[in-house]
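Take a look at the structure set out below.
Naming follows writing order (A, B and C), and every chain is counted from residue 1.
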Amino acid sequence: MTLSVRGLSVNSLVRDVSFEIGAGERVGLIGESGSGKSLTALAIMGLLPEELRASGSVSLHGRELLGLSEKDLSRLRGDELAMVFQEPMTALNPAMRIGRQVTEPGRIHGRRHRAEDLLAAVGLPGTARAYPHQLSGGQRQRVVLAMALANEPSLLICDEPTTALDVTVQAQILSLIKTSLPAESALLFITHDLAVVASVCERVLVMLDGEIVEAGSTREVLTQPKHEYTRKLLAASDLEARR
Amino acid sequence: MRNLVLGSVLVGLVVVAALLSFAWTPFDPVKVDATHRLLGFGASHWFGTDKFGRDLLSQIMVGARTTLYVGVVAVGIAAVIGTPLGVLAGMAPRWLGEFVMRVNDLVLAFPALLLAIMFGAVFGADTLTAMVAIGIATIPSFARIARSGTLQVMSTEFVLAARAGGRSRLTIAVRHVLPNISGLLIVQASVSFAIAVLAEAALSFLGFGTRPPTPSWGRMLQESQELLTVNPRLALVPGIAIAVAVLGFNLLGDGLRDRLDPRLAARV
Amino acid sequence: MTARVLRRVAIFVVSVLAASIVVFLFMAVLPGDPAQVALGVNATPELLAKTRAEFGIDRPLVTQYFDWIGGVLHGDFGRSYVTREAIGPQLLDRLGVTLWLVGAGMLVALVIAVPAGTFAAVKHRKAVGAGVSGLSQIGVAIPAFLAGIILVQIFAVQLRWLPSGGWTPPDQDFGEFARGLVLPALSLGLVQGAVLTRYVRSAVLDTLGQDYLRTARSKGLRPGQALVRHGLRNASVPVVTVLGLQLATLLIGAVVVERVFVLPGLGSMLLDAVSARDLLTVQGIVLVLVAGVLLVNFVVDVLYTVLDPRLRGS
């Protein structure tokens, strides 16, 4: 198993969450805001805010991550573990050129990349000398994706990567994630948008109030929801579709 | 919350000392007494006496009056002139607003101390020139904060609604803008007060502020200098008084800022 | 970017000229006659008239102003009404002393504020962080001249490590010069350092909460590395503003500190000129100080553009 989460709790905001993701598997994590999706992601990355504590077990290729020192964790982050955040407008350093930011994961982990190559791979050739404010939201999210994928991580976590973007740009970013993710990488895709889950993920986990209430293949969960909350989510998104 | 309480206590201490001094001081603060010169801390003269035998505690109490007087007048001048200017600059057409702010920046280039020394050179230095100079030098801070507050309020929906409803600019300024920026102004007043206390002390120290024999903390410090080696107490007592007042007003300002504007709480 | 800098240059030049008019008018309309001050009360009317002509103060104000400002632009600040000596050379000399003091004071302030403010921000949840904040709050409340008095008492009077005042030019004896500068620079810098610490803390605290710092950590940077590589430059933008304002405060604070330490700087020259009612000298010094403040503001504005690429325009 690439990622194995057992009985993960974060204070009382996330409770007893367990799931696994194998190599090359794409898993969706859905639920409304405040349900603990993002905290679960941050707990896996070891980037929880100072005042929160994770307990339980998170292991990557069988190696326990919880309780690992900051030094050891930082060796994994950006290399084995990578993350794309929700807000592209603020995720990049406003005072540093795109090229330097995008090659930084390589420099940190002792690999050499050409900024131009990484940026061309996400459809942004010739932007290495630009500053973030000169790019649009969608372009910045491509940059963030390029950084996350630079070292071909075993696990990529995307935390609502398209929520802050226009609908047309959303589709572009989604297809970019699908096409540029290495085949053997695992993906944990957090969203509240069922349509997105249906297009990207094979399996889906439904989270409510810090707990996983339903899990299964995307088709199963979306066509025959067992939990009442999932049914509500589906009904709400049906309404949205009809509007 | 802690800031607010501690700040209020320290400011309260200064205010009580000043008010009490009108009715009672342990000794006559300006009475020279050759038989009790340079006494240390003691039971009758708590903070001791200076080289003329004047009681330090009494001087500190009456000095608090000077400090508050200068602060109130200086901050008053700055608020009364700076606030309307800032509100005007925030509501007026862009070019006029820009112009007011440019003039503002120019005044900002004349710091309080320099202005007070200039005033002193021309009119002869005393408490009045000091507080007027400090007041003028403080106008830009008020104008600036009032303008940025006004710009914020002017873009809110209730002001847009009032403007759409045909309210005059003056009505909007008085009914909507002033009440909404009053919090910012109160915080500014408290912080400016602290700066005014420091400026007055520095001026009196240089001989450009309050004239003898009226007791002033800054001048007490200046007078202490020649006897510093043998009597550091003479500098310590007014020095602590100044620090208490400045710390008090700064903490009060911080506390009020936290209380009145939680968005700003994380900032300085 | 060039347009922005040019605009700033224009604003700076216009502000200095406007300030010079303000200073000139202020000194010109004052009650009192410089000739009378120079000659004393027993001067004959003829002598007074002759002296007025010599000073050039019998001419129209506009002529006087252009004459003065024209000279200033060439470094000629006129001749003192009292000593009859050229003001320019002495002013330059004194300015050197003040700049040493201000520069050293700024250095002290920065050396204190950057580490202390950063530390207080990083540890803001811990007692030590709050302790540093509290100390800085107390430091802000201590006037520079009081700090000076205390420092002299400890290091000059009690310990006898350093001189309590006086000035040795650096080209005469650098060691003695440096020893003499320590206490004045400390008294000026400690207080400003306390003020600056608060701003550094708040700027760093602000930066610590930014998303791009989390991004940096997700790339594999440890918290400290992320702060140094991505945070400090961004945090420096608001700090530079305050630094600019502080430099102005330092310039004026130097006036007071020079008096405490008997340094022959611009401040003591100003105070001496005021007590001698040597108004042309006062006028010159005030102009130099105000122009200095405006220059600092100008430099800060340009520095912004360098530090924050968003202001450069695309």
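Basically, a contact is a pair of C-beta atoms (placed from the backbone, for glycine too) under 8 Å apart; a residue touches a chain by one contact, two chains touch by 3 or more.
Because the structure is predicted, anything quoted here is derived from the model rather than measured.
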Ask   = Given the two chain pairs A-C and B-C, which is bridged by the higher number of C-beta pairs in contact?
value = B-C
Remark   = Taking each chain's centre as the mean of its CA atoms, the one lying farthest from the centre of chain C is chain A
Query = Quick one: chain A and chain C, Cα centre-to-centre, how many Å?
reply = 51
Task = Please work out the Cα centroid separation of chain B and chain C, and write it as a whole number of Å.
result = 21
Remark   = The chain C residues in contact with chain A across the complex are 125, 210-212, 214-223, 230, 233-234, 307-310, 314
Ask   = Touching chain B in the complex: which residues of chain C?
value = 11, 15, 18-19, 22-23, 26-27, 30-31, 137-138, 140-146, 149-150, 152-153, 157, 198-199, 201-202, 205-206, 248-249, 251-252, 255-256, 259-260, 270-271, 273-274, 277, 279, 282, 286, 289-290, 293-294, 297
Complex interface listing, chain A residues touching chain C = 45, 47, 50-51, 70-71, 74-79, 81-83, 85, 87, 90-96, 104-105, 108-109, 131, 133-134, 144, 147-148
Request  = Give every residue of chain B touching chain C within the complex, in rising order.
outcome  = 102, 105-106, 108-111, 113-114, 117-118, 120-123, 194, 198, 201-202, 205-206, 208, 221, 224-225, 228-229, 232, 235, 239, 242-244, 246-247, 250-251, 266-268
